[in-house]
Amino acid sequence: MFRKVLVANRGEIAVRLIRALREYGIRSVAVYSDADRSSLAVSLADEAAYLGPSPASQSYLRIDKILEAARGHGAEAIHPGYGFLSENAEFAQACAEAGITFIGPPAGAIRKMGSKTAARQLAIVAGAPVVPGMAENIGNIEQARSTARALGYPVLIKATAGGGGKGMRGVEREEDLQSALRDASSEALRSFGSGEVYLEKQVVEPRHIEIQVLGDHHGNLIHLGERECSIQRRHQKVVEESPSPVMLEHPELRARMGDAALRIASEAGYANAGTMEFLVDRDLNFYFLEMNTRLQVEHPVTELVTGTDLVVWQLRIAAGERLALSQEEIGWRGSAIECRIYAEDPENHFLPSPGRISYLHEPSGPGIRLDSGVYSGWEVPLDYDPLLAKLVAWAPSREEAIRRLDRALAEYEIGGIRSNVAFFRQILADSDFRAGRLSTEFLTSRSFSRTGPELEAEAAAALALAMAESQSEAAVPSAPTKSAWLAAGVQSLLQ
Amino acid sequence: MFRKVLVANRGEIAVRLIRALREYGIRSVAVYSDADRSSLAVSLADEAAYLGPSPASQSYLRIDKILEAARGHGAEAIHPGYGFLSENAEFAQACAEAGITFIGPPAGAIRKMGSKTAARQLAIVAGAPVVPGMAENIGNIEQARSTARALGYPVLIKATAGGGGKGMRGVEREEDLQSALRDASSEALRSFGSGEVYLEKQVVEPRHIEIQVLGDHHGNLIHLGERECSIQRRHQKVVEESPSPVMLEHPELRARMGDAALRIASEAGYANAGTMEFLVDRDLNFYFLEMNTRLQVEHPVTELVTGTDLVVWQLRIAAGERLALSQEEIGWRGSAIECRIYAEDPENHFLPSPGRISYLHEPSGPGIRLDSGVYSGWEVPLDYDPLLAKLVAWAPSREEAIRRLDRALAEYEIGGIRSNVAFFRQILADSDFRAGRLSTEFLTSRSFSRTGPELEAEAAAALALAMAESQSEAAVPSAPTKSAWLAAGVQSLLQ
Amino acid sequence: MTRDTLIEGRSGRIRIEGSSFRYEREDGPIVEGEFSVESLEPDCRRVIIDGRVYRVAPGARGEALINGRPVSIEIFDPRGLRSRKSGGASGGRQEISAPMPGKVVRVLVQTGDSVEAGQGLVVVEAMKMQNEMKSPKAGRVAEVRTHPDAAVVAGETLIVVE
Amino acid sequence: MTRDTLIEGRSGRIRIEGSSFRYEREDGPIVEGEFSVESLEPDCRRVIIDGRVYRVAPGARGEALINGRPVSIEIFDPRGLRSRKSGGASGGRQEISAPMPGKVVRVLVQTGDSVEAGQGLVVVEAMKMQNEMKSPKAGRVAEVRTHPDAAVVAGETLIVVE
């Protein structure tokens, strides 16, 4: 096993990886930009290396600097996390050339699966069903128009090098095609360094269900079941769960989709952890969408129901160990649901809400896993995806997991910035969500607005503020320091 | 199911119960003494009732006040937690007479098992092996002397009404018997309201292993396997785990001990959650010690390995539901280990260290369950057991659970008071502990002393303090408020 | 003690005398009873009203979390000179401003255009996401104060709709 | 900047110049290098020394937690008038004091008794636990300052052993 590993990422996933390394007695090297000098991840690591200014292009995306840090600290391997360089074949290649193990699939597999159009071709060869669409990138608008007409609207524009909804646009009518193509392509260019996009038929109200696979370098390949990630906003997953509610009713679907995923992975010569994303329609037909050749944000739900540790297997596989788990040994127990806690404003287009976390009370207790990258006093930077933490609940049944998650969300208090914590409670209260009737249209077809407090709750808040003011006036010795938010609430009194 | 339940307890167990009630949509009523006015439990409850002054005898042990609170708030049931009134048959009886459901066994079963001597008799009738000892309480010193001689030293004095090591004394030599009897009896009187004690043969270097049972009011009775609680200090459990390392090598022992536990529970007419404590000697002989007719402090380790929720089953059983779990459905997965985090000073006889928690950073992440009753700013009261929280790690194997727990302990920072957090890291590093070679003598046969920091770590701490001082002198706007501990560290500078 | 309140945009008044209170909202409803308040963590309070518990913690700026639920709140001393600040919409003229620093990608309207409620006005990229700012009302574009590729700061007005 | 240090009872001195430091312990060892310090939560600092990370958080009174490990620490300005406070044992006379408020249950020795190291001197009950205070050294009981049933406060001297 490695003695020292560099974590080429930030935020909650860097914390999660550093924890895993510590648990395995492997020294961890964190990297950081200016914005992350005082990040939680750096403070929990054994060693740390400065990369550069805050923009990712000058820090977390700088292959040269990351390799220099790895060499300088004597790291034998690099874990890329998700995002940033995690699906960058050149980076994997550069690691190999520097004699440093890239903890992930071989560069060749990243290349094969990194292009969505090539991945589609590979899936077709492997005999897995795919969504009808283009086998190559869009060359010009006329080609796009004719393809879209042939597929039939609605169609979906997707970035060839993409992921996470960046560079993706749904198009309902031909007149919107051109501007959508322009937006998608420019977003793709900025996000992935390539503006290439392609067209697919849009499956109506599909479920997004993905299969986790794990393979070693000795030809062993298994799947760890599915995650349903249908609750998306602008193609960004916000709630993920395992098992999928549809699998609870149709358990044979897991084996069929698992089989298809393994055939694709095998065809790609895949090793390490990876995920095959599928759309599932109402008749339980499934279509391969794309493969993510990295650890997923939502991997904890799989870990909780299967009782495995995916990061540990990534490390062991990268170190050349054999996968000691057989498909028969993988069992599923209970239900796990994850919420992605973002610094964003659900009442204002979900715009990011960076700033200082002035107060933080995190939930814990039975069945709660919190993978957090923040602390009270942390300044959420402008420069990156504003994911604060992942809150995951496990319980013996889906219904209990929902209620447990709701309990934990009610305890989750974040002050100083806006977050989507309360928004999740509205999703969890939705009767379709509770019944497991999910689709990727779930959020677009609903609008959640916050409900006013009950009268007595209003009175309680007013009492809290009024008494805080009077306590601080009376200078009661046991009263805590007068705080920013209380001060703001009562400021007019002092004028 | 109940609509409202009163939680007749405090601290972490009150928080755990209130969370379970919230998850089941049952309104919770917390009770509090003067010392607990601003407790975490009260702040998380739906309703709260004041009991009285801080001493337990004037608050948490006042049956009349608790029943009055339940009636006043319209609670249909009371959960007693552990300690306080949880094993008080009179309380269970008083609840029944008030028409309020006591969430626990029938008063008759508490009475039968509450007397340790009676429980021994019942176990003998049920055909379960017991430790050789007295069938009745000690009447006078001569009787004690002759019994001790007959059993052979070492002997153990135990409180008939006792639990948790209170009123318990090991005696090696006859000359120590009289003073030990006096101390044990007076401690028992203060703790349980009865000074009655009895004598048992002391099993040499035994393991303490207990079996969790669960029964409904319809004759169904199952066990959920064992917890090993051999790591004890002064008969107080400090580390608990499931499975027991001995079961990993001898799986048949679980079935044999589970059987014995079920025979005893059946003989006692037991319902709801309960625990049979056994001693296991080196030849894997086991002896019934006593039964705890309540939820155990250490119940989370069982929940984690079996994937069940014991509190939920307590509620459902108390509400008259049938136990929907059969013995065959109970499976064990992975390993769970719990540390009892106390406000106490491991370097000074483990004396309680009450006071204000001035700083708190709690661990979280994969496989970590934290059942905490405190927060930053909380004043740990003098008046009760100084348990702050239970930190539990689950992992696929015992070795991984130990490393994960160690990782979490390293992240657990408590400022302002002393705690045993670092002490646990010394236990976990012990080679016998790692090998699973445990006995109740583990802690008495070892002394752990804290090791000095490495030179560079010393330098780091000196740098942190020196720079904090210079930052606060320079009044850097971004520097946090000058804090008590930094101020204390640099106070000589200001003189 | 008497304080005026503005909670989720609705005005009210709370009167406190010893451990009793009376809270009256200007749209009618009234609640009164016995209460106690305790400080928990710095900034967090637990309030008990007639035996019911409310946890009041700080939320985003100007908001409190009541049992985890965000609620905008301000309190005022009625003896003070400052008049109440309204939390509601400010008449017929609406300024569409940048919620955070970023860059204008495209401007979708011109001065004088008629717009519908919900119609896109301007696309701003911030934190790698393109966000279309929509018109809060049907009306006419009175001013366009920005242009493509303009760097914008938080709060900067981009478009005015009347 | 130069500061004297007292860490786990051992004296030392740290010199800081820009981002360089040199730490010297009076028993010999020396470490020097480049460092940076950042504030995390109020009271918590992360220190990087030549690329290695140390998390320094507040512990019990007078202690810091370095990567979770408790360490007693004090720093002094060497220009200051106050002399260093020693953290070690104070000579031959040992005062056995109550670590917290409680009640004396029994006194096990009398003035003039010879005692061995580890021998019980007095039993104090606090927080429902009886704790036997033991002699830290072999010697003679010089003073008994308490009696059974006495209420004691934290820090109160109960017995003196010479």
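Labels A, B, C and D are assigned to the chains in the order they are written; within every chain, residues are numbered from 1.
Assume contacts are C-beta pairs under 8 Å (C-beta built on N, C-alpha and C of every residue); 3 or more make two chains touch, one makes a residue touch a chain.
From a predicted model like this one, the values you see are computed outputs, not experimental measurements.
Enquirer: Would you kindly count the fewest steps from subunit C to subunit D, each step being a jump to a chain that touches the current one?
Expert: Contact-graph shortest path, subunit C to subunit D, evaluates to 2.
Enquirer: Roughly how far is subunit B from subunit D, going centre to centre by Cα mean, in whole Å?
Expert: 30
Enquirer: Quick one: subunit B and subunit C, Cα centre-to-centre, how many Å?
Expert: Chain centres of subunit B and subunit C, defined by C-alpha means, are spaced 47 Å apart.
Enquirer: Could you say which residues in subunit A touch two or more other chains, in rising order?
Expert: 44, 361, 375, 377, 410-411, 480-481
Enquirer: Going by the touch rule set out above, which residues of subunit C reach two or more other chains?
Expert: Expected reply: 39, 41-42, 44, 52.
Enquirer: Which pairs of chains touch each other in this structure?
Expert: Every pair of chains meeting the touch criterion: A-B, A-C, A-D, B-C, B-D.
Enquirer: Which subunit A residues qualify as touching subunit D in the complex?
Expert: For this pair, the touching residues of subunit A are 29-30, 37-38, 40, 42-49, 72-73, 375-378.
Enquirer: Inside the complex, what are the residues of subunit D that reach subunit B?
Expert: 1, 3, 5, 7-8, 10, 12, 14, 16, 21, 23, 25, 29, 31, 35, 37, 39, 41-45, 47, 49, 52, 54, 56-62, 64-71, 73-77, 80-82, 85, 99-101, 105, 123, 126-131, 133
Enquirer: Considering only the defined contacts, which subunit B positions touch subunit A in the complex?
Expert: Residues 15-16, 19-20, 22-25, 44, 300, 303, 307-309, 311-312, 331, 333-334, 361-362, 364-372, 375, 377, 395-396, 400, 403-404, 406-407, 410-411, 480-481.
Enquirer: Across the complex, what residues on subunit D touch subunit A?
Expert: Within the complex, subunit D contacts subunit A at residues 36, 38-42, 44, 46, 48, 51-53, 55.
Enquirer: Considering the complex alone, what residue numbers of subunit A touch subunit C?
Expert: 166, 183, 186-187, 190-191, 345, 348-349, 351-354, 358-359, 361, 382-386, 409-419, 421-422, 425, 450, 452-453, 455-471, 478-481, 483-486, 488-490, 492-493, 495
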